[in-house]
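Next come two complexes, and both contain chain A; in the first it sits with chain B, in the second with chain C.
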Partner chain A sequence: MTTVVGARPRRADRGSGRVAPGSGRGVRAGGEAAARRRDGAWPWLFVGPLMLGIAVFYLWPIIQTLYYSFTEWGVFGGTTWIGGANYTRMITDPDLLSSLGNTVLYTAIVLLGVPIAVGLASLLNLPGLRFAAVYRVLYFLPYVAMPTAVAMVWRMIFNGDHGILNWVLGLVGIDGPYWISTPGWAITAVAIVGLWSSLGFSMIVLAAGLKAIPDELYEAAQLDGASRWRQFRSITVPLLAPSIVFVSIVTVIGSFQLFDLLYAIMGASNPALPKSMSLVYWFYQAGFVDNEKGYAAAIAMLIFVLIGVVTLIQVRLQRKWVSND
Partner chain B sequence: MSRSPSNSRSTRSALRLAITAAVSASVLALVAACSSGGGSGGGADADYTPPAKDLSAKITYAYWDATQTKAIKENIAGFNEEYPNIKVNLDVTPWETYWTKIQTQASSNTLPDLFWLNGPNFQLYASNGKVAPITSQVKGGYIDPKNYPESLVKLYNLDGMQYGVPKDFDTIGLWYNKDLFAKAGVAEPTADWTWADLSTAANTISSKLKGDGVYGVAGGMDGQTTYYNTIFQAGGSVVDGTKSGYGDAATQKGLEFWTDLIKSGASPTMQQLTDTPGDQWFTSGKVAMYYGGSWFRAALSDAPVKDAVQVAPLPKGEKQATVIHGVANVVAANSKNAQAARALQNYLASEKAQKQQGDAGSIIPAFTGTQQAFADSLPGVDLKVFLDAVDYSVPLPVSKNSAAWNALETKLLPDAFSGDKSVKSVGDDLAKQMDADLAKEK
Partner chain C sequence: MTEVLTGPRVARLALRRRRGGRQGSHVVAHVILATGAVLMAFPFVWQLIMSLSTNAEVQSVVPTFWPSELRWQNYATVFERLPFFSQLGTSVWITVIRTLAQIILCTAAGYAFARMRFRGRFLLMGLALSILMVPSQAYLISQYQIVQGLGWLNTVAGIVAPGLFSAFGTFLMRTAFLNMPNELEEAARLDGASPIRIFWTVMLPLARPSINVLAITAALWSWNELLWPLLVSTYQDQMPLSAGLATLVSDKNNTDYPVIMAASMLAMAPILLLFIVLQRRVIDGLAHSGLK
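Presenting the complex of A and B:
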């Protein structure tokens, strides 16, 4: 690799020792490419084990899945090449639109958690708040709780006849729906739980972001007579933007993978489930219920591409929103 | 990941890292599920001859119901009296993951030597040559299919070849709550009841006990315990060879039995039954009648209503019918110790082992004449109903890929139960989609 002879004398200038740590910054002026050439195969040796892991456990399966998406896969193995048939079938499958719609609806509702988390994080960050640590733990608990356990509790809360949610709604004169057994309401109900359990993580990330905003800015704003709300709008939100974008992206990726929460809250025999399928549930249905793993592989590729595209768009938008680079 | 975002460069890279990790993890999760399979297996073709008494072998016996472990251990102890050197390793996997595991093992030809198979999955494994037929054991007189319920023996027969005999069975009966009948002043069900009798009683109870939130009967959300039974009673069918039966007028009549009960308020609505399943309505004394399997007995032992419970045969439609199902022990086609596994298969099917199973009390053993222990297990409750039902029983409808059209049933039938669409339009639509799935099985 290091065949560029011209690079060598410069290294000799520095003496016979290896390039000391920290010298990288100095080298940067000379161009990273030159630095790379000088290091030879060493960096590859260091990242090798990691790359090997990624290749074996990530890249290779992706390539395999891509291959299988063009095949028909028997229940007990054995594949037949069928070209793009899985993909043409997917486009005409009514489950595509409905599961995509449900996933987007779910994601949209869970994303509402981001502004809520911003509000909660800044409240928790208020100077002089007592027991802040306790609140932080309380909000973070749902994030570490087991999804199935969470689901069981919410199932009871959502119960149409005996659930506490409808009882509370009844107190204010609202006749609540059968949350988890009515198509439409069901995905909303699951999204409410998703929002609730993602709050903790978003809040911790945002709280860390808040801590990094220098107090001097607020002091200066206060001297200028800015109200708390004005400070929040003009200092907190813009300086927090990188964290907000990060949290949003992670939330969207997580939401597109909705499966376990939906499965656990609704239950496999729920009559509303076929109309409340998420993309990943559709994949599961095709691969493990209908035993059509080739078709399932095609759905998996679709989900992969979708998440990739949505994330790319978000990162592009982030460049616009986040000004202080 | 949540390092100080004030430094935008570190945020950027953390962000990028997190995105890469999250995206790849998502794909990994999806892909891991699709790990590769192997070719097909042969073997275990040799005729069965009883192994030498001192045969030394290690075999694995896989099943899903941990509550039966005690009875199975007794069975194995009995088996070891005959074959002391065959070591049987028990492999219990909970129901939720059992089929994924067995399917993976079948793909890589590493199936346990002997394992439980149920009706809906049987044809899939038999038609792919994953399990060995018992032809030579039957020929040699080691297993006699006549000793087990005929309709259930048929369930484990594919293209004239027998692959196993049932180890246990369950049938469906009409469980009812005597107290609620007395309270509503309605006569209790009898063995001569017809659909009309049930419908009248259920509607009366629902209207008289409305104030208590009590309904007459829990409607049909599940095939095996509810609508399959009424479909057969109406003279219809679910799957007939390679054709769906849901387009038939008789089949649709069997479904209408339930939609009518839901529409008239004799039963809670579909949504109420989803939020709180029928068995819970019954055990908490909120429905008077419940179509339930013989296994429901276990749920009653500590239920609040246990002293008021009685059971009757299912009411007749055009004819009398109940769904019967049961698990079978099958030998893996590529078992390396096929002879030892078959010896155990034979032993487990024997009268002695079956009686042990029955006495342990959790199931109804399939061997005719070993079921007395079950009949006596709930004093005062006429559990014999479930044994007598064998005479008019119909096997659980299955095909090579039952799971595919079972999913269609769960997907389409709710529109009929909720009253959004007519039974005819739902039935016709289901028949069409199901026929397409059945055609793919060939």
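Presenting the complex of A and C:
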């Protein structure tokens, strides 16, 4: 939720780990030629303000948080060094498994949006498709909408007594659950909203990736008599792999930082909340509701390590997958 | 799909056929895309309908698809009951300040990292890059303390402070400046222009597309962000809209759903309108943020 990334952010809150992008077109080398010269004090004028802010608000805090994770906070302030006690407490805390499980479940459901987005993006890229611009705007709308505000309407849609979702389910003979006040269903409901709000972003990134695949490949495949499904499998998917991986990584990193939607959809007084926390919600609960900031710092470190590990696994998988194909 | 084939149409169909024989499938494509689009847009429409209904209509077991009367007064109630304008003011302020600050600080630093040579360049870049890998929650406790120590709790300064500086934006701009040709810069240098003048009059205009992407991401994130403003502001009339809405709902006694819906519509409206006006730029800009 801090600077690093914008747009949700959706959305997610779009977490901090977004990969620094670049357009990749144009002449490189400009930087290197310029680099041979020394520029005196000018560079410090250019980078100074930013680096000062980054040092104060990011670098120092991360060191401090690491330190705090080994301390306990007194009621009236002041910290005591307690060694690894926060970490041992964390391992035995039942909230660890439930919030980790909820986060993984949420991530898995939101990730279902990636294959859906691949399908929709290839439909959207059909040559000569009309209204493509209208579709793009409609699919993208949830991504730019404020999570807190859309959460309000989703609460109503999911409402167990008078929500339209259960009414629709009732039409086909299904007795819908009390979505947002039943543990398990609650996180599923939030994940459906997460999928809804991130689908548009995945879709337009993938559509841009599809545009970059040369038409000649499809022409050649067609001359060879490849079916359309075969073309999709053997040309589209492998050549789109980098975009698919990028979208998946952004989705996973964003999903692991789930907070806004959960907070806004469930509401702080929801009885199902203790069993529906995400990792970040658990952190928030510990640090800013229960006021155990040392413990919360340890949770923050856990989230940091988890996101690092998951990203690493994805990058590895990507190498394997992309090179095998 | 029977159509009368006129001249240009035949040509276009022939072209489509040549590009992979995908003609004819458009009906299926439209059915799928349109169904999806309806599902995507439905919550917004539903929210609008509910915001114009009565509380009884919103809570009826069989959904009221069209209220008996459009109750625009729900929107008036929002302004009466909530410090809506001051929250809107805070949202606008923090969005403008952070977007401008990120544009200025990130373009300047990105430019220096891409095109200037100085001692410690790689160390500084590494440090900035490292904060991209840490999830934002890891900073919160300490950032809160710093803001508290500065006496900035419940102020606009406190809400905006950490978000003025963006490593993401810096690397976005660095890549943009790396990809630019050298000649213009050299020419300006030979004419005796100072580095700041070269940056301002030669390089910045060339970086416009990337600055647009930076501005869009900064503004979107800033407007929609919830957790940080929620932590540093405790008084309703000093919160931005996102935090204000969230506290509105955590208040159990507040069950005036149409008014909540109206307030949410109003909170989203500015950024949604901006998106609809700038849609091409926003979508194209963000689409390419994923390409290396």
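One rule holds in what follows: the second predicted complex is superposed on the first by the 262 of 325 C-alpha atoms of A that agree within 3 Å, B and C clash if a C-alpha of one lies under 4 Å from a C-alpha of the other, contacts with A are read in each partner's own complex, and residues count from 1 in each chain.
The rule we apply is simple: a residue touches a chain if its C-beta (ideal position, glycine included) is under 8 Å from a C-beta of that chain, and two chains touch if they have at least 3 such contacts.
In this text the structure is predicted, and so the values were computed from the model without any measurement.
In the superposed model, A:153 lies in contact with chain C only, and not with chain B. For chain A, the partner with contacts to more residues, out of chain B and chain C, is C. In the superposition on chain A, contact of A:315 is made with chain B only, not with chain C. Touch criterion met: A:215 reaches chain C, while chain B stays clear of it.
In the superposition on chain A, contact is made by A:50 with chain C only, not with chain B.
Of the two partner chains, neither chain B nor chain C is touched by A:171.
Once chain A of one complex is fitted onto chain A of the other, the partner contacts of A:223 are absent, as it touches neither chain B nor chain C.
In the three-chain superposition model, chain A touches both chain B and chain C at residues 54, 57-58, 61-62, 64-65, 68, 161-162, 204-205, 208-209, 212, 242-243, 246, 250, 253, 256-257, 267, 269, 280, 283, 287-288, 293, 296-297, 300, 303-304, 307-308. The residues of chain A lying in touch with chain B in their complex are 54, 57-58, 61-62, 64-65, 68, 73-78, 158-163, 178, 180-182, 204-205, 208-209, 211-213, 239-240, 242-243, 245-246, 249-250, 253-254, 256-257, 267, 269-274, 280, 283, 285, 287-291, 293, 296-297, 300, 303-304, 307-308, 311, 315, 322, 324-325. By the touch criterion given at the top, residues 1-8, 11-12, 14-15, 18-19, 22-24, 26-34, 36-40, 100, 103, 106-108, 124, 128, 130, 221-222, 270-272, 274-276, 401, 403-404, 407, 410-411, 413-414, 417-418, 437 of chain B touch chain A in their complex.
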